[in-house]
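Order of writing sets the chain letters: A, B, C and D. Residues in each chain are counted from 1.
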Amino acid sequence: MANENFEPKITCFVCNWCTYTGADLAGTSRLKQQPNARLIRVPCTGRIDPVFLIKAFETGADGVLVSGCHPADCHYNTGNYHARRRWIFFRELLNTVGIPESRVHFSWVSASEGKKWVDVVNGVIDKVRQEGPFEGYKKINNEFALPEEVEV
Amino acid sequence: MNYYITTDEKLRELVRTLAEQKWNIISADKQGTRFMYINDGKDLTVDAKARPTKVSAKQFVFPKSEPLFFFKKEHDDLKLIDPQAVQQKTVLFGAKPCDAAGLPIMEKLFNWDYKDEFFNKRVENTVVIGMACDYTDEYCFCTSVGLAPDSEKGSDVFLVPGADNHYVVKEVTPKGAAFIAEFKAIFSEAAQGDIKAVSRTQPAPEKKFNVDEVKNWLDGHFESEYWSKAGETCLGCAQCAFVCPVCHCFDIVDENCAADCGRRVKNWDACQFGLFTKHASGHNPRETQPDRYRQRVSHKFKYYQDKFGETLCTGCGRCSRNCAVGIDIAEIVANIPM
Amino acid sequence: MKIGVFICYCGENIGRTVDCAAVAQAAAKFPGVIHSEDYKYMCSDPGQNLIKQAIREKQLDAIVVGSCSPHMHEKTFRKAAAGAGINPYMVEIANLREHCSWIHDDIPSATKKAIELTRIAVEKVKYNEPLIPIRVPVTKRALVIGGGISGIQAALDIANAGFEVVLVEKEPSIGGHMSQLSETFPTLDCSQCILTPRMVEVYQHPKIKLLTYSEVENVEGFIGNFKVTIRKKARGVKEDLCTGCGLCVQKCPIRKVAKNEFEEGLANRPAMYVPFPQAVPNLPVIDRSVCTYYKSGKCQMCKKVCGRDAVDFEQQDSFVTEDIGSIIVATGYKLYTIDKKPENSPIQGYGEYGYGKYTDVINGLQFERIASASGPTSGEILRPSDSKVPKKVVFIQCVGSRDEAKGFTYCSKICCMYTAKHAMLYKHKVHDGEAYVFYMDIRAGGKMYEEFVRRAIEEDDVKYIRGRVSKIYEEDGKYIVKGEDTIAGMQVIIDADMVVLATAMVAQPEAPKLAQLLGVPYDKYGFLAEVHPKLRPVETSSGGIFLAGACHSPRDIPESVAMASAAAAKALVLFGSDMLEREPVIAKVNAGTCAGCFYCQKVCAYNAIEQKEIKNRAGEVIKVVAYVNEGLCQGCGTCNATCPSKSVELVGFKDEQIFNEICALY
Amino acid sequence: MEALQKIAKEALASKEAAFIIGYARVPGSQKTRPFIARDEAEAGQLVFDEYCQNNLAVYLTRIARPKEGKMGIVAKSCDVRAIVALLQENQIKRNEVYIIGVNCSGVVEDPAQPLSKENLAGKCNMCQAPQPAGTDTVVGEAKPYERADDKVGKLLAQLDSLSPQERFAFWEAEFEKCVKCYACRQACPLCYCEQCIADKSQPRWIESSASVRGNFAWNMIRAFHLAGRCIGCGECSRACPADIPLMLLNRKMGMIAMKEFNYRHGSNMDDPTLVGSYNNSDRNDFIM
């Protein structure tokens, strides 16, 4: 498929205490990853507003990954539970407007799961690469591209 | 003035020709919601009996959102980039008199001091094919604001429906004449005698008020008690302004394209929004919804008159027809305790 | 805003895969950046001086450091910034090491990513604002959970420094596993003899409040200000009246009704019992699951004989709430029960060695009791089945440990040493006996440890066989141990009289539940996680909560004691100041736009959102809005994401900052 | 109708209510529209019948609060749910409102046409209890009516059967029509924020331009903010001048609330809200 040469852009929103630290551990352990993910660190998955995801697609993300502490492990006790409840709605909403599950991923990665983080990141990148560029959003983003960059 | 004859089928053929020549072609949609770009003759909707579309055609000369320029920050420099120029030739099919009349009314606002080149360029590039209207409902009041179902104001070419899917075609402006000349195959010349009388099936809208009397009253009744009840149930949405063929308020905002670049955009705005007049301090001179409703009526029937000698209304009735809480501007104006 | 960017090579760590100079050059072109440079070691003194100098000379408002994880050096660079006169919160870190150079090989793509990570940080810092740390008072009182040697050591260290300690132990007595041991390696001194004085010291210490037979029920609050609810389980004995005379235990008519836990099931005990003679406190407890009274309402012998009327059958669990500033977790370990698979655990069963089926296949702690002078055999090595002296004993190491197939990847660390000790103790007591040890490797790192193992082999003639045992079965009263000697390359068959399994150390089964109460991460085995494996080994990611002993990972007594003292020292550091500075990352409400739906209040885990009335000039309430109690807010930001109108924002991670970060990714 | 007027007059006369938010006839038409009766004479104009489509609960957060007396409101059972939702969300207190419940026999979709199976408002199809509960008083009688096809449900099922690309294209065409007039927001009884996220400019999460992209953001966030909260009155769809089928999204969220949590917002003022509470056993299978 033509998608093999496509390098997807993955915007990740991760909590500071579990996933960010887990990603640190992956680094400390020198576990190699594909270079397509960009992490934005927030204190807790509870801080992650669905508008972040929309903005990520507006800035050209082909896929989004949201990750935090496992249930019951939240540094702030319940932030991830509230986050999960929002996601249950939001992912269905995105899916209904045509932003499919294959582009919006969620995971629980703890501070000790460096290996899991690598598997999750690589898995998401592979999955989105297979999906190809997010043409739908790219088209509506085009209106915001600087004129000289518009393909006529 | 020259007359021509054409048919429904020929107009569709015209659409095909125009599409080949890369014109922008605008027609009402089949559902009667709005005007839209079409590229295929079969999508053309020219129907004198149709209710005016819910949203007027103004966005093709005054877009709901129009970039004025783009900017890019480069280290310690700021680069401005013009948007792509408005160039494409455009034709608007089937504008009712209450739609077409909006263009010359708005033209005054966009040219009284600063000449809005975006608006002017779009108007200049657009051929408006107006059409006599054969629709009347309780919301229509074009006759109250100096128009009529067969007003040609704002049209370059004017269609009057005849029998058997025929249209009598009038060239109204030189631009219209040039257009007809360019597409001679579509418009066959007709002698005065060839024009068959066309019978309307609907009565013209009744005259609900006199604009001069209304203006007189408005001149002296800014503080009238009447307003407190008139706008009381208004929910403060901008539906009325945005569907209106002549409401022209806009807001200018900067939007991010990416971290180091953005665009300055001119967006529709509306006086019924609480934010419209809200100051940065938090103070709002039009604090309540009745204050805002007074503004809407006053702008249409007084301020625009004061400034440009015209009523800022074509009597299409869209704002009232669509209002979720049944506010009818003609009723409110007609009920003014004069 | 004038921003400075500083890109660190971290020696070769970043520099090897990221073209740091190129990153610095690219950053110099970012809007707002007026200074950009790279340096070998930004965290070093000269590196920090570069930053300070640039801040002063170029009058920078904010800086971005492209370096290691913010978890590593964010504080360092904040301090450096503060040293040069700008607010320490005007600093952002781009994680170019853990999140870039260490995980990628390709220099061009890693460099491109590093530039983007730097741009994210630059865009964020544009909306950073100067913040002032929040100061909260510290309750100078520690809670130690677990009364084994780690908990005892931590409690004594803190108490001896003059601060109050609440020590909670779930069993009726403190002492933990160490009290069960016979002798300790590598000195072979008597475990009880060195431990008991410490237990007594705890009991008598005026600064230590000892709560045995108690468990932590709930934890609220945060560093310096925890509120801990402790459940005191009903002993059936009034602690204030009981003198510990032991008459009730002697008179309990059902003598051998339950397995004696302390003796690892090698002996029985009555329903009314004291766990072991040296128990602290020396108070009996009624085992309600077996006591006749609780079954039929009859007997009451203990109550009748008690001269102090201390027996209370109706006693209920009670709760105490303690104000605590720091918590030390020392919940210890358990031995892997090899006969069945634990629930909800990655651990698999380990059936083939016949534990639980063959009476004389025992585990290490059972051997400790057999070898102990105070144990069921009074220290004579007799096998459980027939109380005969075993003439051939096989010791098997790594039962469970280091065996992925069984669900364990880790090494239990202490088994090499205690197996050598067991074999040695056996040989010392049964001179004509034969001791065989099956091992994978000998891991004897530690002072005098290697020498100890050599002594077992060379002086005590313990036969070490490198290889695994495949099967044990019973034949003619012997346990046939089939194994492989990988050095000799042959099969070994030993007809043993007794087999001792060095089973894996596992976490306490309740550890995850406790960790959840405390908000401390744990691994899949239930061991609690430290915040940094090297530099912060006793601290957890929850401020004020520290780890001691085997609850963190398998470790022996000296290591546990050292860790306990380290944890105590961490608590004492906290108690060293009256006020605690907290990160000013807290939520703030915009009362002007707040609509008062109070969804923020519903999602707040800390009850930090209060309701506040807004009045007009006439004093009339015009609306009720949310208000954040700064002392309680912990800065998770869940309210911010929940608020539909974005009227509450988390300082430090405000919408504008995150918006800019996302926009930086184009 | 007389009973309604009588109760309204009494409530105004006794100063129980400062005003009554109700319906009045549009002159010369069978159509009705919201009307605020402030005295007994005005109370004589109040009507209720099958042409009363509006959900008047929206006015409870829009209109200036009276200094004395309660806000009186005429409410169908569906409107009562909106009122209960406002109670659940701290926007009003029960003792601030005087609720005149009206038994309902269904309302029209198109007010130019009489009520029929074909001309039944979408919300009436979903109605579970035409008799309002928990009101201060109830008038009228609820006659059974024939339910029509569930058009929204059908369209949603059709949409769900498409590929994501096709769904995106569907919404792209729909949202292209959006003019950002915010009629959907203003007509919604549960959109009561003093400052909508769409009006917040620092940062501007939702572009104020009526660009397709800005319209996507707006409509997604609008639906999300109503997830687990929308009571299904359909006023957003009815108010939309661009005929965007907004209820598809609201309905989808409502279906999730029902499927995952067996929850209907506005059913009981003491219920914990869906957003703002959680359960350890909430669905977790979509999280790696």
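Note that in this section contacts are C-beta pairs under 8 Å (C-beta built on N, C-alpha and C of every residue); 3 or more make two chains touch, one makes a residue touch a chain.
Just so it is clear, the structure is predicted and the values come from calculations on it, not from any experiment.
**Student:** Report which interface contains more C-beta contacts, comparing A-B against C-D.
**Tutor:** Higher contact count goes to C-D.
**Student:** Looking at mean CA positions, which chain is nearest the middle of everything shown?
**Tutor:** Central chain: A.
**Student:** In angstrom, rounded to a whole number, how far apart do the mean CA points of chain A and chain B lie?
**Tutor:** 44
**Student:** Mind checking the centre-to-centre distance between chain C and chain D? Centres are C-alpha means, answer in whole Å.
**Tutor:** 52
**Student:** How many Å are there between the centre of chain A and the centre of chain D, using C-alpha atoms for each centre?
**Tutor:** 34
**Student:** Round to the nearest whole Å and give the separation of the Cα centres of chain B and chain D.
**Tutor:** Distance between chain centres: 31 Å.
**Student:** Do you know which chain C residues sit against two or more other chains?
**Tutor:** Answer for chain C, listing residues that touch two or more other chains: 592, 603, 642, 655, 659-660, 663, 666.
**Student:** Give the residues of chain D that touch two or more other chains, as numbers and ranges in rising order.
**Tutor:** 197, 205, 211, 275-277
**Student:** Pull out every residue in chain A that's touching 2 or more other chains.
**Tutor:** Only 55, 59, 72, 78, 82, 86, 144 qualify.
**Student:** Considering only which chains touch which, how would you classify the arrangement: line, ring, star, complete or other?
**Tutor:** complete
**Student:** Which positions of chain A touch chain C when the two form their complex?
**Tutor:** 9, 11, 17-18, 20-21, 23-28, 30-33, 35, 38-44, 46-49, 52, 55-56, 59-61, 69, 72-79, 82-83, 86, 110-112, 118
**Student:** For the complex, which residues does chain B have touching chain C?
**Tutor:** Interface residues on chain B, with respect to chain C: 73-76, 256, 258-260, 282.
**Student:** Which residues of chain A touch chain B once you look at their complex with the stated criterion?
**Tutor:** Residue list for chain A touching chain B: 59, 144-148, 150.
**Student:** Per the contact definition, I'd like the list of chain A residues that touch chain D in the complex.
**Tutor:** 50-51, 54-55, 58, 71-72, 78, 81-82, 84-102, 105-108, 120, 123, 135-137, 139-141, 143-144
**Student:** Can you tell me which positions in chain D touch chain A when the two form their complex?
**Tutor:** Of all residues in chain D, those touching chain A are 159-160, 164-172, 197, 205-206, 211-213, 216-217, 219-221, 223-224, 227-228, 248-249, 252-253, 256-257, 260, 274-280, 282-284, 286-288.
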